[in-house]
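Paired with chain B in one complex and with chain C in the other, chain A is shared by the two complexes that follow.
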Partner chain A sequence: MAAITSSVPIAEAPASRRKFPFLLIALLLPMAIINFVAFVLPVIRLGMISFIESRSGGVLTNNYTLENYADFFTDSFSIELVSNSLLLGFGVTLITLCCAYPIALFLHRVSPKWRNMLFVITVSPLLVSSVVRTYGWMVILGDQGVFNGILMSSGIIDSPLRLTNNTLGVFIGMVEVLIPYMALSLIAGFGRLENVYEEAAASLGANSWTRFRRVILPLTAPGIALGCLLCFVLSISSFITPKLLGGGRVFLLATEIYDQAVIQLEWPTAAAISVIVLIIFGLALAVYSRVVKRFD
Partner chain B sequence: MKRISTHVLSATLFAATMLSGAYANAADITVMGYRGPFEDNYKKAVIEPFMKAHPDIKVTYYGVQNAATSLGNMRAQRDAPQVNAVIYDLSVAKIAKEEGLVADLDTSKLPNYADVSDIGKDLGGAAIPLTYDTLTLIYNSKAFPTAPASWETLWDKAQAGKVVLPAQGGGDIQAILLTIISNRLAGEQDYKNTIDPGVDKLVELAPRVQTWEPKPDAYTLVANGTATVSIGWNARSQFYFDQTEGRMGSVGPSEGTASQINVVSAIEKASESEATQTFINYAIGPEAQAAFAKAMFYAPVNTKTQVDEATAKRIPMMDPAQREKLIPVDWMTIGDMRDDILQPWRRKIIPAGR
Partner chain C sequence: MQTQELRQETPAAETNTGDQAFLKLKGITKRYGADYMAVDDLDIDVPKGKLLGLLGPSGCGKTTTLRMIAGLLDITRGKITIDGDDISHKPPHKRDIGLVFQNYALFPHMTVAQNVAFGLEMRGVGRTEARDRVEEALEMVRLPGYGERKPKEMSGGQQQRVALARALVIRPRLLLLDEPLSNLDAKLRDDMRIEIREIQQRLQITTVFVTHDQVEALTMCDLVGVMHRGKLAQLGTPEDIYERPEDLFVADFVGRTNILDGEIEALDRVRIGASVYPCNTRGLTAGKAKAAIRPHRISLTPSRDRSLVSMATNAAHGKVTRVTYIGDVVQYDIDIGGNTLTTEVHTASAGHSFQSGEKLLCEWKPQDMQVFGS
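For the complex of A and B:
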């Protein structure tokens, strides 16, 4: 079949098609300009600020220095920030994947009659701002919240469980916020999964676990990789949920950038941490590319 | 008919001349400052009366989240300022002055400046004191039928899990003042010597703290009973006392308290400098000071301000006994010590409460 296809002579492109690059450039140019002005230039400016020397109290000088980066990498608190952020990123991504995968698989297999409605229900949390949803979790998980209220009124516990204002609260909030993103990414990456492959595996004697491990999982791997990349990046850069549910106890890279810029007034430190976060995102993107290439 | 036409023409020309003159003298200025209740009350108590008294000057208030946001805007607009004056706190004003973001006004051209109290005049014409405020202990009235009298209430074991302390991102000026107060409670009177005793005392308190980042704010959590005790600014506490019909109270503890100073600065390179100076002079005058003290319970900076007794009673800085016990804080050196004071919050105090 491939030989037949390749033997078909390729007709010369018409004159209008030869002008294609100009059309392409004309179409891409507005977005490229917006991207350059709204993203590339600010990132360059951010990089420049990260090298500005600041005096005690956050006063900016006209000198440039590497100290902001040196201070970051030699400070144990900064290392704790990086490890906290990476642990949160990996942990939240893993839990979100475990929660969203069965939902996405179900949506992929369900009858088309129900699929659209169930799909809308799955992504409907995105219609509500994550700030509102996080405040909702504060009401549910707080000391005087619904969850503790039920447990205490039923006599299971005497004093409220500490479910917010700590890392646990941040995990719960983040997972809920990110499940729709993970589900969307998984569904988008499930294109290669067809029932016939599973039926073929079953006919060859594969049990359900083997079918999942040897057929479903490899075929859905691109979706998993995409979902994990998206959730990891979103959780590392998330700021509102840790701020609202962390009770000031959860120190992460994203919250540190805000605190350094707005509370401590140390803009160069905040810019240096932002650049480091960008590098982490770049590394995550490189890993994603390798994973996708491997499964293609 | 010809005579009438001449009169009409003359009147029109006169009106046009007057109007064009009025427009030529008119000035639009923008004042940047805290948003929320501060903005609402400042507009009513100061800006609207000022515009009535000076119809040729239009003042627009631009509300921002906090003093740091103001500093950020000033840095971003360094070469083309969009605001003419800024209201923020003295410690941030010091940074703005050192970065050349604010104009150093000639105070001899501000007649009301001579009547301004000496507290907070450290930066001269670059940052003119506008309001004084004090740190207070705020409490839930139901949990405390009798108002607590000491800062030590925060360390009361009976309040474990019901204490909230605003120390966003490792703390701002409230955390700095609490460190200084804790230091004194632990026996060290001068924070410039060491803050270690105060830090140790706060480490002891940390496990009993419900949250270091109260949302929406400490006043609301104390008023609705989520927390029983916290710290706050007197002005806002009094405002919330009225808003919550007394569910949240505030007290200046017996050990004394420390003050916070809001200042007003004219922006360097901004236009309308004369109109800005006129506004600043009005803002530090007795009339504006009295009106804003009545509206928001900030202590007036102008010594000639007449405040009614009911308002004065709710402002610790106007109580001679409290003023005598005022803990001295040198905001000029605090700027340099800021990192040293706040680092233990992120590395020792808050982690001790995990």
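For the complex of A and C:
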């Protein structure tokens, strides 16, 4: 009996195995080629440039050296860059998570009738370029901006609050830019969360805080991990919003790469910093996969 | 006041003589919107240690009732007490009720042992005691040593048992089961039915069991409440429900039944087609009526003269229109002058087997025909 039933899939398997890889390769190849030519090769080239010795004025030599890295790690300014970037990355990610989590949870629970519309509203900021949104924040948060104007004319404050050209401005702008990405990732990772688990926990004696801590949070952990990874990477690599809202006074790895590559024309230095950023991303990815495994 | 009520009820409910109502549902009502009554003025008393089955088609309000008892839904009106304790408006986590869901709802991120221990943890039970009680509960559901598995690594039946262990380990005052067997295959369902009943009786835990399956309700429960459109159609022992249905809905829903159109001619006489049959008309003396007869209560004999049949038996001549072999029974559809009777004959009781088109005589006892006014 068992032999008869099991013989069927065995007989079918070779046929499907012959047909399957061809289609699989045909579908995967275009993107694999693009990825190789436009990402893998440049990254290898970037790594090579980071070891090239340069003379003043950004002239590249044919000599390879570890000096670019040595310079970076011995300079207190670059250590400040790393800590600034990491603080921004962690801080922005945490605040974005706190802002987006209730939205995602609400969207997950709202009746399907409203869900699509509310979902579109949540991600609609993505329709406007983050450059334009950053300029919008400059208009709102500037010394003569809408926000300070309201506070001053209503007599709450006498002099404008410093909300731009500093780290606070960068935080505000970055969080707003990243909320849709965080919300999208969270919702994508909420698949396992069902109302019935909360009901089961309640029937076993868990109050609402315990239900959140012991049931909702662990079940949404994959979404949290994905959203945090994405926002961390985006906030560390973001360049336009810190540049504009930081007013040149907030120094980060991303802005330094730009300065070194475009203004100072020190490509090897820029490449070395880029490689360090890549390593930070690699570490973030490792943490992410551990978290996902842990909560699977 | 309360004692007076009890005194009145005790003689009526034969099976629970001397038992006090442990779970009391008094006029509980759930209204949605302006006038949709999901559950309408339900009164049910369940004595301590008994298993109540709430039986009905989907949308009859049985699950809504269960969710109101569990506290997962607010009641619009009415009162729920457990052992005299009014829980009508307590939040679910303070009700001390064990709940088993239709899809088990085991926490997917926890192991089996963590699932079972969850309720103990909420009650602040110490680690060593909790470990012992979890193992004991898993042994009770015949899954000893399965504690380290994840729910997704287990079969449906095993998950079901874990859910039962998780609900029972907290030693709740009341156990609620929401269609617990409907996701299992037929063979497993039979086993689990017996197992759940056995555990329930061993622990003597008062239980409410929601099901749309009449076999489950009849075989497992001490009391069955048949629900229809938010109301309680009948509450009684399985035997009451099956043998003495109080209305047409119950007669039709519980077990297979022939429903025939007829007319009441006089007290205890109903006309169906051209013939008049003695039966119990429940005091009705006239008007249109529906008569219900169970297929297996009709006996079939080769056609013979009506006068040879005892006057105490109802009989009708008929012709076989269809023969369906089911295995344990053969089902004959018989045309008795305009109406079709479905009958069942056990294949083991050999007797006579009939062919399609064959003429025969259908006989049944007057008390096996229930007549309802319509």
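Keep this in mind: the second predicted complex is superposed on the first by the 280 of 296 C-alpha atoms of A that agree within 3 Å, B and C clash if a C-alpha of one lies under 4 Å from a C-alpha of the other, contacts with A are read in each partner's own complex, and residues count from 1 in each chain.
By our rule, a contact is a pair of C-beta atoms (placed from the backbone, for glycine too) under 8 Å apart; a residue touches a chain by one contact, two chains touch by 3 or more.
Nothing here was measured: the structure is a model prediction, and the numbers come from that model.
S.K.: Fit or clash for chain B plus chain C once both are placed on chain A?
M.R.: On the shared chain A, the partners fit.
S.K.: Looking at chain A, does chain B or chain C touch a larger number of its residues?
M.R.: When the residues of chain A touched by each partner are counted, B comes out ahead.
S.K.: Regarding the shared-chain residue A:Leu265, is it in contact with chain B (first), chain C (second), both, or neither?
M.R.: Only chain B; A:Leu265 stays clear of chain C.
S.K.: Using the superposition on chain A described above, determine whether A:Phe77 touches chain B (first), chain C (second), both, or neither.
M.R.: first
S.K.: Contacts for A:Gly57 in the overlay, against chain B (first) and chain C (second): which applies, first, second, both or neither?
M.R.: A:Gly57: touches chain B, not chain C.
S.K.: If you stack the two complexes on chain A, which partner ends up touching A:Gly142: first (chain B), second (chain C), both, or neither?
M.R.: It touches chain B, and chain C stays clear.
S.K.: Check the residue A:Asn165 against both partner chains and state whether it touches chain B (first), chain C (second), both, or neither.
M.R.: After superposing on A, A:Asn165 lies in contact with chain B but is clear of chain C.
S.K.: Can you work out, in whole Å, how close the C-alpha atoms of chain B and chain C get once everything is superposed?
M.R.: Chain B and chain C, overlaid via chain A, are at closest 47 Å apart by C-alpha.
S.K.: Taking the contacts chain A makes with chain B in one complex and with chain C in the other, which residues are shared?
M.R.: Touching chain B and chain C on chain A: no residues.
S.K.: Which part of chain C faces chain A closely enough to touch in the complex?
M.R.: Residue positions touching the partner: 70-72, 91-99, 101, 103, 105-109, 118-119, 122-123, 166-167, 170.
S.K.: Provide the residue numbers of chain B that touch chain A in the complex, in ascending order.
M.R.: 65-66, 68-69, 71-72, 75, 91-92, 94-95, 98-99, 161, 167-172, 210-213, 215, 225-226, 335-336, 338-339, 342, 346-347, 350-351, 353-354
S.K.: What part of chain A is in contact with chain B in the complex they form?
M.R.: For this pair, the touching residues of chain A are 55-60, 77, 138, 142-144, 165-166, 243-244, 246-249, 251, 255-256, 258-265, 267.
S.K.: Within their complex, state which residues of chain A touch chain C.
M.R.: Its residues touching chain C are 192, 194, 196-197, 199-207, 210, 214-215, 218-219, 221, 295.
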